[in-house]
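Presented sequentially are two complexes of chain A, the first with chain B as partner and the second with chain C.
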Partner chain A sequence: MLATRALRLVGKRALSTSICLRGGHGVAKVEDYTLPAYFDRRENPLPDIKFVQQLSPEQKSLKEKEKGSWAVLSKEEKIALYRISFKESFAEMEKGTGEWKSVVAGIFFFIGFTGLVVLWQRKYVYGDVPHTFDPEYKQKELQRMLDMRINPVEGFSAKWDYENNAWKK
Partner chain B sequence: MSLAKPAMRGLLAKRLRFHLPIAFALSLVAAAAFKYGVTEPRKKAYADFYKEYDAMKEFNAMREAGIFESVRPSGE
Partner chain C sequence: MAHPAQMGFQDAATPVMEELLHFHDHALMIVYLISTMVFYIIVAMVTTELTNKYILDSQEIEIMWTALPAIILVLIAMPSIRVLYLMDEINDPHLTIKAMGHQWYWSYEYTDYENLTFDSYMTPTQDLTPGQFRLLETDHRMVVPTDAPIRVLVSAEDVLHSWAVPSLGVKMDAVPGRLNQTAFIASRAGVFYGQCSEICGANHSFMPIVVEAVPLEHFEIWTAMMMEDV
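Up next, the complex of A and B:
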């Protein structure tokens, strides 16, 4: 409220004695961002200014009616007065945007794309695996582990039946 | 339209009174479950394994398999 009054005074140049004149250039321009702003935030329930600054004639007459008893105001008038002061109700401002769905969709899409890249790499970029991955070599490795009695109590060799040379049932 | 005054103090104490006993109980349950689900069976498995364990027999079996470098199988 004060800022709008100050702006009108600047326009009329009424208080030239109290306004600082800089080298004959006049008063510094008042930037938008320096004035009190309206914003809907849960942490700031009563913003510095009302939402609607320029009232239409109906709104002006409603404001006059507001100065009387509030009991005679109808429901629509009360809601209209609310909407003059505030842009969104708490329910409207708190409501979720559903943005998470786009985010999750993007995540899945790019994971899928990465899968395709990995498949292409396996086919066209990587060479052969070492010979130690051959099935015969793997068999010899397993036999050596059993011979060495790896984890004979609860683990690997515990599951091998040494008498019958087979896995335990 | 007069609402009751909300609780202004003792909020943490109230939460702790409710949650701490539950936390303690759940921790004890978790410890007991791990003891009787994991450690006791493991101790029994080791005890049973070593009850009938013949070290020399196992050593000879391993030697014949040829995994040692200090002793070769008896055939060679």
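Up next, the complex of A and C:
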């Protein structure tokens, strides 16, 4: 019983099985398998449907006025018509949110916090480095590497001037 | 060995390592070119002012970005296969050395003529003489003659190890019960360091390899001296 009553509404086109009819005005044919939706996107300037679907009485009368000559429309009326079709203007769309500032601030904060953790670890957790890190030891190591001609082709010893006992300029 | 903060390869001591170096330069340059191009395209797409970005048909560019990568891959594959086959060349070695991995030291056997066998333990940090390299020095080095093809048979006595010396362009896994062969020709005299390259327990980081390449006369003197000591 209920089903036949519902189906009869479909016949009268009061209930539509296609979303394209319900829109009333300004519904584009949708290419992909989605319902028509409104979106503000720069690379797709014309959304599937208008932004305002339920028009208020003033907007309805404005829409009637639009059917006449556009030259008599005032600037505010033109803007009002634009705002019926679109939510944000291109300028508003492009503006950006400034969210990046919060993100960068968060990054710096956590890098700084990590630095504090590392300093604390070095003081309270880790022991001394081996004695081979002492400057005198490192000096001897360096000299030994040069004496052994470590990497003499293009690397380490290649950059040492053996005649003048100095790094090559 | 590497110098502090070294980023690239160590200088080659064998012809094979030299070829590997040059191939790496070649492949890395291609990688840099592709990465630069991709990065540029990403930046261009993100910062563009254009609104019509969805082109639906583009036969020419599709052909380009199918053919060009294929060509680039061929340009990478050709030198790669060349080096690979170079490494497998029959090289008629003058000397065969067995490098046996133990936990946690290497032992070397020169058994072609005499029976020379010795172990090579890492020099502990507190026993280093000033100037020696920490975690790299050993008590005995594997001495080889220069300009001679050397065959190294690598195996292990207990668990997996790996005998690796980057300057020589050599890395070969030491598998218990298996003999793996690798070969090299030391083209210049010098001391070349390497480290065990397969996790083998607590002291895996503390069983380095030191190869000393010397002219043949000095090699003969060294073997005579080692035979006396051992």
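The definition used in the following text is that the second predicted complex is superposed on the first by the 98 of 169 C-alpha atoms of A that agree within 3 Å, B and C clash if a C-alpha of one lies under 4 Å from a C-alpha of the other, contacts with A are read in each partner's own complex, and residues count from 1 in each chain.
The rule is short, and it goes like this: a contact is a pair of C-beta atoms (placed from the backbone, for glycine too) under 8 Å apart; a residue touches a chain by one contact, two chains touch by 3 or more.
These figures come from a predicted structure and were not determined experimentally.
Trainee: Touching A:162, do we find chain B (first), chain C (second), both, or neither?
Mentor: The first partner, chain B, only.
Trainee: For A:152, using the defined touch cut-off, is the partner it touches chain B, chain C, both, or neither? Pick first, second, both or neither.
Mentor: The answer is both, since A:152 touches chain B and chain C.
Trainee: Once chain A of both complexes is superposed, is A:130 in touch with chain B (first), chain C (second), both, or neither?
Mentor: Second partner only, chain C.
Trainee: Please work out whether A:144 is in contact with chain B alone, chain C alone, both, or neither, and reply first, second, both or neither.
Mentor: The answer is both, since A:144 touches chain B and chain C.
Trainee: Check whether chain B or chain C contacts more residues of chain A in the superposed model.
Mentor: Touching more of chain A: C.
Trainee: With the two structures laid over each other on chain A, which partner does A:47 touch: chain B (first), chain C (second), both, or neither?
Mentor: neither
Trainee: Could you pull out which residues of chain A sit against chain B in one structure and against chain C in the other?
Mentor: Touching chain B in the first complex and chain C in the second, residues 144, 148-149, 152-154, 158 of chain A appear in both lists.
Trainee: Give every residue of chain C touching chain A within the complex, in rising order.
Mentor: Residues of chain C touching chain A: 1, 3, 6, 10-12, 50-54, 125, 128, 130-134, 188, 190-191.
Trainee: Which residues of chain A touch chain C in their complex?
Mentor: 42-43, 45, 130-132, 136-137, 140-141, 143-145, 148-156, 158
Trainee: Under the definition above, what is the set of chain A residues touching chain B in their complex?
Mentor: Going through chain A, the ones touching chain B are 144, 147-149, 152-154, 158, 162.
Trainee: What part of chain B is in contact with chain A in the complex they form?
Mentor: Touching chain A from chain B are residues 42, 45-46, 49, 58, 61-62, 65-67.
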